[in-house]
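Let me begin by handing over the structure; questions about it come next.
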C-alpha cells in the first residue's frame, strides 16, 4: 500500500508469527486491519499473501498448499508466493495480469517479520534487533498473547514500568520503580528510558530467579524502536557483592491486528544457568502471570477509550516522559506516511 | 456537565445503588452513558468519581480504597472524594490542578442517589420521595433489575397498567385494568394516573396477599416524577366490608445506564402484617416474576425500535394519555437542558 | 413499500416458511430487513403482518392468535389478516384508521411465499416454479438453512458449480465440473447455465444414488429466476446404456433476511425409486452435508466482504459468466425499483 491510512505505521517490520507456526498448512493472521495468509514453501521460505481471494473473496487460508503454491478452497485458483495467479481450474488460460497482493516476509531469530507497507521500501536491514532470541549465550521462552486493545496501550504500559508497583504486587513490585527517577533519551532510531535503582530490596521475581537475599542494584533500560518494538534490558547485582549479577532481556514485539486488537509476541531470556530448563519454565510462567495482570488493566482501559467521555484535562508528570515521546514519534510516522500518499 | 446532551435528563437525582452495595471496595456503575466509581469513606459518606482515570484512562474501579481516597490500580494516582488528585507515586509533586470529575451523591432510605448534571444545581430537596422504603410503618423488599432497554420503555410500561391484563395473566391480571378508565392529572412536579376499580374480582396476587375472597374496590394511583421515578400506590378493600383493606407501594426508580440499557431499582412495601417475613418473601418473589414478564416484552420491544422500520402511523387512544404526557415532559426537560448549554 | 430501498428486490415472491411451520402460534421471520409475523387462520389461509405493533412497538409474534386475529401480548390490540386493528381493550372504540402493514402471502407446493414490495403488484402468476416439490411423480426432502451471509453469495455459489470439485470432494466432486465448459443463456424471465459432461466418472453421490458403476453422461442445467430462485436440473445416464438414467431437481429458494443473513430453503427431489424412504433420507443427509460445506466457505467469504480491503483487481474468467449476468440482472431490478419510488 502506497501512502498511509492514518491509523497504522505500515512501512515497518512487524512480527506476525513464530517460525514453528508456519508450515504447509495455511495460517491466517490479521495485521494492520488486513487479513494475511502465511505458508512455508519447500525451500523453507515463508510466503504471505492477502487472505481475500481476488476471484470470489473467500479466505485463501481455507485452501491448501499445492506444491509451493496456495490453492483457493472455493474455486481452485492457484497463487504463487509472489501473488501471481498461476492456475485456474479446467485447464483454462489464466486471465492476463491476474494476481493478488504479496507481502515481504523475513524469518529471523525464530520469528516471522512482515512488512505491510510499500514492498519496495521493505529493507531487511530495518528489522528490529531481537538477536537474543536465538543467541547461544542466552536462553528463554515466550509466547503470543492476543490482546483486545490497540497495540499502543501495550507500548505505553512497557515504557512506564512504574505500573509494576501497583499492577504486579506479587511478582515484579519493588518500591524502587516509583522512587527512582527515569532518564529518557531520544536517538535517531530508538528511544531509551533508563532507571537506575541503587540498594533496593529485590522484587519477588529476582529473589527467586537470581537468588538474591540482600539488597540489589537494579538497572532497567527500556529500548523502544518505533512503532512497536521494546527490548527491556535488566541487570540486577548484589548491592554488596558486585560479581553476583544476573541479566535478562524482555523482548516485546507489539503488532496491531486491527485498530483495537493486538498480538503481543514476547520472549524472556537470560544469560545465566543456560541449562536449567526448570528455571526457564518458572520464569516463563511467572512472566505469563505478570502479563495477564497487565491485560486485566489494559483491556478495560481500551473499553474506556471507546465508551467513556474523555477527561476534561489529562494528568501527566515526569513518569510519562518516555510514553509521551514515543506516542508523538509514532504519530509523526503515521502522519508522514499519510502525507506521502502520492509519492511512494 | 454543563448543558444537556440531548439524550438524557442530567440535572436530576437518579438511584445508582443500594446502600449495602457501597463499601470500601470500589463499585462501577454506568449512569447516563458515563462510567462512575462509588466507594464509602470512613465517615460513612459515599463518594462518586468519573471511573476513567485522567492519567491513562484505566477504570479507577479496578483500583482500591486507601484511607478515604481512591487509588488507581494502574499507576497509583490517588483521588479524594472531591476528585482532587492528592498523590502521584514516588513522592513527586502532584501536577497543579490535577483532578477528575466528582458527582454529587446523597444516601437516603437505603438507596444512593447521584446527580449526573451540573453539580451546583444538585439540591437534595429535589430527591424524589421514596420514604416508604425505610418508614417503620411499612415493610418490604426489592432488588435491581438490569434491563437491555432504554429506561423510557420501563416508564411507559408502568404508566399504563392495562398491560397487566395481557402480560401478567398469572399474577396481576384483573379484568378491571382494561374496563375502568384512567384519570390523568399533571401537577407542577408530578403526573398522576388514577384508576378506581369498583366491585371487581381480586387479582391472584391480592387474593393471596390480602386474603380477599369476594369482590374488591381496587384503587391504583401512579405518581410519576420526571424523569424516571414512579410510585404506584395501591389500595384494595373488600367491596362489602370497607375495613378489610390493604395498601401497597411499588417503588420504581428507573435509571438510564446508556441509551439502550437501564437499571431498574424497585421495592415493594406494605403497611400490614409487618412481621410476616414469609409474606415479604412471597410478595418479593411474585413481583420479581411479574417484572420478568415485563422484561420479556420490553427487551424485544427495544430490539424492534432499533432494527425494524417504524410504523407508518402509530396507534394511540385514551389509555396512552399518561404515557404520552410523561414522554413529552421528559423530552421538554432534555430540550431545556440542551438549550441551557451555554448558561449553566 | 412503494419504491425500492436500493438493497433488496422487493417486488417479488420469496419463500418465507414451510407450510407446516405456520399454525395457530405466531411465527416470526425477517424478510428484506423487516420483521414479519405469520399465522394460519381457521379457513387455512396464511396471514402476514409487520411484526412491530404500531401501538408500542412490541413484536406481535409474542402475542397470540384469537379467533382469526392476532392479539398483541403487551396491551391487547387485535389485528385481522388485512392489518386492520379490530379491537383495543376495555370496550373502547378503535381509533379511526388504525392498522398495520399486511403482506401478500400465497401458499404453494408446501412453501409459503411472501411479497415484501407493493401489494398491488403482487401477482400470484409471478410465483417461481417449484412444482416438483409436491408433484406425485417426484419425491424428496429438504429443510431451511440459516446462513450468516447475504443471499447473493448463495446465488453465486449455485450458479458456478465448478466449486463442487474443491468444496465437495467427498460428495459431488467430479473432474467434469472443471473440465467441461458452460453455456449460459439469458431469457426474458430466467437465465440458464448448462454444462454437458460426457463419459465422465460419476461423483460419489451418483454412484450411490443411481447405482452407476461405469462412466456417465452428466447434464447440469441451472435455471435462475431473479432474484433468488435456482432450480438445478440434473440428468445422469450410463454412458454405455442410455436407458439407465436418473433425474434430480435441486430446488433452492434464497431469501434475504437482512443485508448479511439469509434463509436458504432447499429441497432435493428425484423421479425414481419413489417409495424408497431410506434413499430419500440418505440423499437428504448427503445434501445437507454438502450444503454445510458450502456454508463453511460462504460465511467466511461474507466476513471478508465486510472486513477486508477489496482486491485491487478482481479475477474473472469464463466460469463466472452466469454469476456475473445474474448479479447484473439483480442490480438492475434493484435500481429500477429505486427509480420507481414516486410512481408506484
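The first chain written gets the first letter, and so on, giving A, B and C; residue counts start at 1 in each chain.
We adopt the following convention: contacts are C-beta pairs under 8 Å (C-beta built on N, C-alpha and C of every residue); 3 or more make two chains touch, one makes a residue touch a chain.
What you see is a predicted model; the values in this text were computed from it and never measured.
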Chain copies touching (subunit B, subunit C) - same or different residues, decided at half shared: different
Copies subunit A and subunit C - rotation angle from C-alpha fit, nearest 5 degrees: 120
Interchain centroid distance [CA atoms averaged], subunit B/subunit C, Å: 47
Multi-partner residues of subunit C (at least 2 other chains): none
Sites on subunit C touched by subunit B in the complex: 33-35, 50-59, 62-63, 71-77, 85, 88-95, 97-101
Contacting residues of subunit A [partner subunit B, same complex]: 156, 160, 162-163, 165-167, 178-181, 296-297, 300-301, 303-305, 307-320
